[in-house]
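Here come two complexes built around chain A, the first alongside chain B, the second alongside chain C.
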Partner chain A sequence: MKPRYAPYFFLAPFFALFGVFMVYPLFDSIRLSTYSVRGMQNQTFVGLENIERLIADPLFWTALWNTAYFAAGSLLLQLPVALALALLLSNARLKGRNLFRLSFFSPVLISGVFIAVIFYLLYDRRYGLVNRVLGSEIQWLQDPDLVMPALVLAGVWRWAGFNMVYFLAGLQSIRQELYEAAAVDGAGPWQSFVHVTIPALKPVIAFVVITSMIGSFQLFDLPYVLTEGGPGNASMTMVMYLYKHGFEFINLGYAATIGWALAVIIGVISIIQVRLFGVFREN
Partner chain B sequence: MNHLGKAPLIFGLLFLLAFPVIVFRGDDRSDTLEFWIFAQTHYDEFSARIPAFEAAHPGVKVELRLISKLHDKLLAAFLSGIGGPDLSEVEISSVGRFFKGTKEEIGFVDLTDRIEREGITDEFVQARLAPWSLDGRIYGLPRDVHPVMLLYRHDVYEKAGIDPASIETWDDFVRETRPLARDDDGDGRPDQYPIMLSAHKPGHFWLMLLQNGGGMFDEDGGVIIDNDIAVSTLEFYCSLLNEEQLAIPEFSQDPASYAAMKEGIILGVLAPDWYISFARRFVPELEGKWRAMPLPAWQEGERRTSTWGGTMIAVTRQAENPDLAWEFAKFAYMDDEALANRYRKTFIIPPIRSAWSNPVYTEPEAYLDGQVLGRSLTELAPDIPGFHLNPYWAEANDLLRQAVYEAANGIRTPADALSHLAEQVRALRNNTTETE
Partner chain C sequence: MRNPVRTTITYVLLILLTVLVLTPLFWVVSASFKPSGEIFSYPPTFLPQDPTLENFTRLFQEMPIVQYIVNSTFLATSHTLLLLAIATMGGFAFAKYSFRGRGVLFAIVLASMMIPFHLVLVPLFTLLYQFGWLDTYQGVILPYLASSGFGVFLMRQFILGVPTDLIDQARIDGSSEFGIYWRVIIPAVKPAMGALSIFGFLGAWNEFLWPMIVLRDAAKYTLPLGLASLVGVYRQEYGMLMAGTLLSILPIMALFLAMQREFVQGITLGAVKE
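Coming up: the complex of A and B.
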């Protein structure tokens, strides 16, 4: 066998599977979004009707708002927490820091469904640990104004440790001389953080922000188990809404439209973020 | 790359060979029955019984599979036309999605003629065939009846001088149990509640509506969720939660509700047969303190039960040997002794009347202070209400959740919430008809 063919043989399985399970469904879902699907086989071409319906569907906008709320909450709460943890745990003087690192990282190893069950118990009005600690009787999951903040907090618990690992890796790659030079110039810890750490971490921050945003927009398992989208539709997310139409109502055409709307939204936000961070810019 | 030798070629060939084997199962599987189930308890029950079926049918193998997210996977198999089992169980809250489109598109085998040929149609509680039927055709055998009773704290009733026999109607229930909803700590909320009704999920309301003779659709597919029965039922439901404050609103079947029972905060629960076994398992401390009475009627002399939950077994159209699959379905769901064993563990009453003569249903139950629960359940079972399934069931059921939430939490009046719901369900039907 000629060696120049070897890479193609190695790559062939991936491309075959990628073609069958990714490329084909992707293009077929574009076709599907122009159809009304009723029943297992009955498909009728409706052109752009699904998009018109989507724009006029108040529940879609509720789901979009909830999803955006979660994404914004993740960004504003989770990432600073992750960075703070990383800074704390990068301190060489901290005893048992590997244990702490593992502890903070471990929630991501647990399935989302299990995390949802844990938080269900934590948030219970009468018996939940959260209310016991606060000495309150707040209905975290039954109050439409509090359910999304409650989900954001659960998201922080789940993902902050995971993002902490990226920040830790980033912090370790910052050359110590930079801090020393800053100290020589009279910079205190805060100025070092602002003028050395943050700029040096910029590529990592960009990566974490973009991937967290994409992940947040795909939120499903936590609210699906924890609240079923309730109370009312106060915690309905876009992927939950897609799932409902796709798998419960068998409106595959409409579900495909929601899916593409989600993809476009994620795409636009990601492009904006990439531009803002200058990810692909030289230097 | 020379050092790689023939490895790439071998890997490539292996992949090409493996791919069709994975995708196309070429072997003859007509003697194999693949059976999908979704609950561990069902798995335990069937895995113990399958050897008996295989012994009675030499050469036949039953592959029992406990599938997580069974309904999604079964639906995907129906949509794609491959990969489905020969038989599957389906849970009642998920059944609507399988009855979309025309009769030819339904992924289950129509069992009506087989059931009639066997002469077992009348054996079943008739209302129990309805959730698995569409346009008069039956697509599954029911596993259960799930008659609902009112589980109540008889020790508390006794102490308060309440005679359960005096509670014949819901109005009696309100009058008799009102003194139990006391506010001892003066925080404006009762410290104990005579009943648990969810202000967020529709399950409790739905069973009360069925008991009252209401439903979502009539037998012709007309939307009836905004009729007088539905409105008055929801008004009463909301009054128990809000004005009367007799119902604790925050629980449905949450783990925390068991803690509230232990603490004596919840004194009554709308309890189908299976739920009573849950209480026995999760609140063993209350052994001897609970008893179960028929539901209070809406009017004197009317129906005193309802139904909540359910499972069917169906033969799929992808079954290679539907006759063999049908034989297994009967074996799985209609064996008296197996049904009696199941009752001992779960209190689940079978939907087959002849099975009720088994002595197990006359055994006193220690958890309920020696009450003969089986007898109470089998006496109520023939009277459970049915309901009419139709292709819009899944969407309508989802919208019901929102309507109950809005009414129970004062966002809309009950009449307004139901009229809005009915409007949405009718629009759903009209849109579908237009598109078709």
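Coming up: the complex of A and C.
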């Protein structure tokens, strides 16, 4: 093999898989979304009918609302918790630092299915630990007003430790002189947090916000196992709705349309956030 | 942190938070050793009053749990090995060769990291149907590897740091291009491969939705699939579910403990370097 062909040879496996299992399906998904597909052999062209149906489908909007609720919850609750954990751990002289970090990170290692099983027991009205500690008998997963907050809290438990690692790495890359200069100028801890830490962390915050949003919009396993989208459809998410149409009702055309709606929403949100943070502008 | 009050507050908060995070895990361990009557006793007990191995023995007797463990291990291991090969080769090409189309191809790799896998669930399913790959392991593994863009990017970042002199020297000594990859690059990026293999293994070990769509035959189920299928049936058998949960968490915990440093280094590379 000549050196000039070598890089193409080395790249072939990735691009072959990417072409067959990502690029082709992406185009096929456009085609599918203009068809009514009932089972594998029964396809009829319907044009934009799936999109019209989607816009008029109240359940789709419910799923979108629930998913957005979860994403907003992650943004407002989980990320501040993650940052707080990182700040607490940022001192290198802290004793037992590795042990704390490992504990906070450990939920990330567990499959969503098992997290759902664990929280099913924790949230139980009578035998659950949550109600035991609160001294209450709240039906967390059976009350349509409480089920999404309960999922957000489970999400905080699951992902805060993961984002903490990013914040921690960001904090460690801030030069100590910046804090010393701020202290010389008479800045207290709060002021140096606002004027030194936050601006220096901006690229990491941008990264974490964008990846968390993309992840949150694809929420599936937790509600699928924990609540099956219920009660009613109070915890139905977009990917669950896609799954239901695609693989339970075998309504592939409509499911592909939901997939595109999801992609468009994720794309728009990512672009807005990239603009907001000005991520790619500096370099 | 010379201020003793601040130090004390930090430790108190850290310990409280650790308790909060670890309690659900403690609950799993505790429940898997409780006899079935005790899990649903009121008020709930923190420690098993009457510890038993009954949940584990029943798990092994009544469920094909060994089969699930074997399947999960096989699937996650093959996924990881393939991911390592694809990512190190791709990363090597981008880091150490200049060739026509490099910029465009690299941009495609970066863009591929942003495409949500769920967008193509449906067309992938119809594609696998046409291939006759439904209910097969290659049907689970290969489409998932189309999302190896992150791995390629990660390995490129690490391979950039390998001295080009080593490569030139190997070439002068008459080594083939593949020989350079195998004898120079691979040994130099072993720690980074450690990080990537945890990613790959963790992802494949824990993945739920995609294997659920592809696999039909219960004998091919992975641990998350197998246990999820029992949730409805065994709602009252929580001890068994908890024991199963514990069994599936342990291997991944052990792997992570062994490679903690490389992993943290790996996941933060993309976010902080730029």
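Points worth noting:
Note that in this section the second predicted complex is superposed on the first by the 281 of 283 C-alpha atoms of A that agree within 3 Å, B and C clash if a C-alpha of one lies under 4 Å from a C-alpha of the other, contacts with A are read in each partner's own complex, and residues count from 1 in each chain.
As a working rule, a contact is a pair of C-beta atoms (placed from the backbone, for glycine too) under 8 Å apart; a residue touches a chain by one contact, two chains touch by 3 or more.
Remember, it's a predicted structure, so these values are computed and weren't measured experimentally.
Chain B and chain C, once both complexes are superposed via chain A, clash.
When the two structures are aligned on the shared chain, A:Ile272 is found in touch with neither chain B nor chain C. When both complexes are overlaid on chain A, the residue A:Val194 reaches neither chain B nor chain C. After overlaying the two complexes on the shared chain, residue contacts for A:Ile55 are found with neither chain B nor chain C.
Of the two partner chains, both chain B and chain C are touched by A:Pro3. Set against each other, chain B and chain C differ in how many residues of chain A they touch, and the higher count belongs to C.
Legend: residue contacts after superposition of the two complexes on their common chain; A:Ala72 is shown touching neither chain B nor chain C. Looking at the shared chain after the overlay, A:Lys244 reaches chain B, while chain C stays out of its contact range. In the overlay built on the shared chain, the residue A:Met40 is in contact with chain B and with chain C. Within the superposed three-chain model, A:Arg125 lies in touch with chain B and out of touch with chain C [touch as defined at top]. Of the two partner chains placed around the shared chain by superposition, chain C is the only one that A:Leu109 touches, whereas chain B remains out of contact. It is stretch 131-139 of chain C, out of 77-85, 131-139 or 185-193, that runs into chain B when the two complexes are superposed.
Residue overlap on chain A between the chain B contacts of one complex and the chain C contacts of the other covers 1, 3-4, 6-7, 9-10, 13, 40, 120-121, 126-128, 247, 252. The part of chain C that touches chain A in the complex is made up of residues 1, 10, 13-14, 17-18, 21-25, 27-28, 31, 39-44, 85-87, 89-90, 92-94, 97, 99, 102, 105, 108-109, 112, 114-127, 129, 142-143, 145-149, 152, 171, 176-178, 181, 202, 205-209, 213, 223-225, 227-228, 231, 238, 241-242, 245, 248-249, 252-253, 256-257, 260, 264, 267-268, 270-272, 274. Only residues 1-2, 4, 6, 8-9, 11-12, 15, 19, 71-72, 75, 78-79, 94, 96-97, 100-102, 105-107, 199-201, 250, 254-256, 259-260, 265, 391, 394-395, 398, 401-402, 405-406, 409, 411, 432, 435-436 of chain B touch chain A when the two sit together in their complex. Remark: chain A residues 1, 3-4, 6-11, 13-15, 17-18, 20-22, 24-26, 28-29, 32, 40, 85, 88-89, 91, 93-94, 98, 100, 102-104, 106-107, 109-114, 116-122, 126-129, 132, 157, 161, 165-166, 168-170, 173, 203-204, 207-208, 214, 217-218, 220-221, 224-225, 239, 242-243, 246-247, 252, 255-256, 259-260, 262-263, 266, 270, 283 touch chain C in the complex. On the chain A side of its complex with chain B, the touching residues are 1, 3-7, 9-10, 12-13, 16, 36, 38-42, 44, 46, 120-121, 124-128, 139, 142, 228, 230-233, 244, 247-250, 252.
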